[in-house]
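For clarity, chains are labelled A, B, C and D in written order, and residue numbers in each chain start from 1.
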Amino acid sequence: MGAHFGYLFAAYSIIFIVIFLYVMLIWRRQAALDAELRTLEARMAALTEHSAAGRPSEPRSGA
Amino acid sequence: MSAPVVEIRNLEKTYGLAFVLREVQLRLLAGAGAFIIGGNGAGKSTLLRILAGLEAPSGGHALVFGQDTRRLAARYRRRIGLMAHQSFLYPNLTARENLEFYAELYSLADPRECAHQWLGRVGLAEVADTRVRAFSRGMEQRLSAARAMLAEPALLLLDEPFASLDHDGAEIVAALIRGAVERGACVLATTHGIPEIDGVELAVFEISRGRLMQHAHKEEGRRGGRIRSLLGR
Amino acid sequence: MSGFAAVLRKDLRLELRSGESTLALLALSMLVLVVLVFALGAARVRSVDAAAGALWVAMVFAGMLGANRALLAERDNGAIRGLLLSPLDPSTLYAAKLCAAFIFMAVAEVGAVILMVLFFNLDFDASMARLAPILVLGAIGFSALATLLSAITGRTRGGDMLLPILVVPIFVPALIAGVKASAAALSGAPFESMGDWLKIMIAFDVLFVTAGYLLFEHVVGGD
Amino acid sequence: MNNPTIRNWLGFSTLALMLVSLFMVFDYVPPDAEMGIAQLIFYFHVPLAWVAFASFGLVAIAGIFYLWLGDQLWDDLGYAAAETGMVFCTLVIVTGSIWAKPIWGTWWTWDSRLTMTFILWLMYGGYLMLRASADDTPQVARFGAVIGIVAAMDVPIVIVSVRMWRTIHPAVLVTKQGTHGLEDPRMVWTLLVSLTAFTLLWAWFLMLRFTQLRTRSRMAWLAGRIALATAVASDPK
């Protein structure tokens, strides 16, 4: 291998490290989102217990 | 019959998990005077801001002159006068300059004369050339009322018009409201307590838990003319 | 049209009354030039390239300050809402604000040019006349951009910090062209040699004045 | 678009193709005769640049549609595109810099293409800072749309001006004689495979982020519904 293999290796490592980190970031945001969703679900469950009439309809897309 | 000036259908406003307004229905015709009462944070100001097109509702419709308030064209905007918590006045301009500026914005025929007249009407003729920066809150409030009514709007939205006004000031503003109703404008105002304005039949609504409800009018409250606004003062 | 004149007249009157912005702009321009003279060292002081660069640095910083201050006047007492409620067209409001910003910047620039000549040991000669159109084009472009973007940053938290972060990268092409053309003008090069740079600046100005005019209603709208 | 199966398949095929292109770069393609082994960075550098610029283009398109139609969907798309674009743009600059060191002997030069990429990076960095410092209201969505449009409009002028300013970037793809610098067909194949791999990666990232932002927007809507329903349920009858 040539003299510049270190540069090549560094470049490709960095690409994959950054991609990996971004995937991790997306993952963590998904966890936060899921937690938020569970809070909402709990609120909704409490609501349906309280009165069946007060149940909100499903969200439509683009709302 | 003419179309209603204000028509609100099923209006909703929420911020995150908190609701401010819900199931709000309201129809006001030209020449109607209505007051909305309710505690702090009840949503009174929000309702006025939505009607002025400064805020978008979360659901339902708010129509002014039959137009959705989210996209009000200039010719409808010019027929709305809003007197909000903030006075919209420039502190470094004098009272006269402020009114002349707004008169020009509304392309009134004679801005100088118009400003002059309104300064007289709100009792600020003597301080016409003082900068608003030096005004007391009450004086600023009077000037703010003049600013809102300058272009003789067909719909007058007043947010706490009597706040921080002394007795004379409150009477001046009450007279202006009466004048507006008499010339056929529709007036919608908010206040803390049940207001009385001599010679004007007022509808009173209350916002409670986000809903707007017609308030049972207290007949015994109508005594002795003048104004008895602002319960709890 | 009367709305345009009313807003512009109001802004100029407010400025004449306090003189705050223009003074602040001039002071900042002077400070930037002084800092650059020290930073560049005595060896570089007589170079026209350094002078042109310093002038534009001063202009960018002063312009940023001016844009922030122009909006401040409208934020007091929520006056901007009063303007938006009035029949005034948002595009007209943009045009008036752009004109006001341009005038303040032009005044500050005249001061900055005089200081540049003094600090960088240049002469008041014909090159100043060649510099004028370049600075005018630069000020138009910067005002157009800063007026649009300050309406955005003025309504967000920490907006004063955000304004330079948003404005400077977008302003880069006009900045490159402006510095190059100014250096050429100061070194006495013929007018034709600046032609391409001036074309870039004209393109920038046309694009961003149009963009601001069309997009302003979206950044000042309600909610 | 939001189907999890599609998303997962996209993720797997991206991974597979990335491994294939990695293999091609390190074992299959011959290095450039002049620039040596460091030139192999090219096979990931160019696809990264392509997806970064495509993202920024998408930000502007989504911005136009958002201002036109006012549907939150377009804002979510624009935000997702700006973020993925920023990730790739950072990588373009980093890999370019690593490539530049052995070839030009310096980490950074103010070459026209480097400068332009850096300016883009700054612009969309500003966009993301604005989004991060503000709540997700329709107002901020409009701000994002306006900045996305203005930044994209600026790109042609930036290109012209920095090109006039200076340029030393190697014209690997298209030289002045009109022939491309990739003599060996294996080079072309490697580039095509890695281009496809990165396009898929881009689509995958975009889809993941877009789906998350859609969920968040819908949850905000749902929160409002729940607030109202809670109010109704607790009303004294």
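Throughout what follows, a residue touches a chain if its C-beta (ideal position, glycine included) is under 8 Å from a C-beta of that chain, and two chains touch if they have at least 3 such contacts.
Quick caveat, the model's predicted, so the values are computed rather than measured.
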Fill in the blank from the handout: Those chains that touch chain D and also touch chain A are none
Completion exercise
Relative to chain B, the most remote chain by C-alpha centroid is chain D
Exercise for the section: Please work out which of B-C and B-D is bridged by more C-beta pairs in contact, and write that pair. Expected result: B-C
Handout entry: Chain ID, smallest distance between chain and overall C-alpha centroids
Key = C
Problem - Computed distance of Cα centres, chain C from chain B, in Å - result: 39
Practice task
Find the geometric centre of each of chain A and chain B from their Cα atoms only, then give the gap between the two centres in Å, rounded to an integer.
Solution key: 46
Practice task
Let me have the rounded angstrom distance from the C-alpha centre of chain C over to the C-alpha centre of chain D, please.
Solution key: 32
Fill in the blank from the handout: Multi-partner residues in chain B (2 or more other chains touched) are 17, 56
Practice task
Would you please write down the residue numbers of chain A that are in contact with two or more other chains?
Solution key: 43
Problem - Junction residues of chain C, two or more chains touched - result: 223
Handout entry: Which pairs of chains touch, using the document's own definition
Key = A-D, B-C, B-D, C-D
Handout entry: Sites on chain B touched by chain C in the complex
Key = 52-56, 70, 74-75, 77-78, 80, 82, 84, 86-93, 97, 101-102, 104-107, 147
Fill in the blank from the handout: In the complex, chain A touches chain D at residues 1-5, 7-8, 10-12, 14-15, 18-19, 22, 26, 29-30, 33, 36-37, 40, 43-44, 47, 50-51, 53-57, 59, 61-63
Fill in the blank from the handout: Seen from chain C, its contact residues with chain D in the complex are 145, 148-149, 152-153, 155-158, 162, 165-166, 168-170, 172-174, 176-177, 180, 196-197, 200, 203-204, 207-208, 211, 215, 218-219, 221, 223
Problem - chain D residues within the chain C interface of the complex - result: 67, 119, 122-123, 125-127, 129-130, 133-134, 137-140, 142-143, 145-147, 149-151, 153-154, 157-158, 160-162, 164-165
Exercise for the section: Could you please specify the touching residues of chain B with respect to chain D in the complex? Expected result: 12, 14, 16-19, 22, 56, 58-59, 209-210
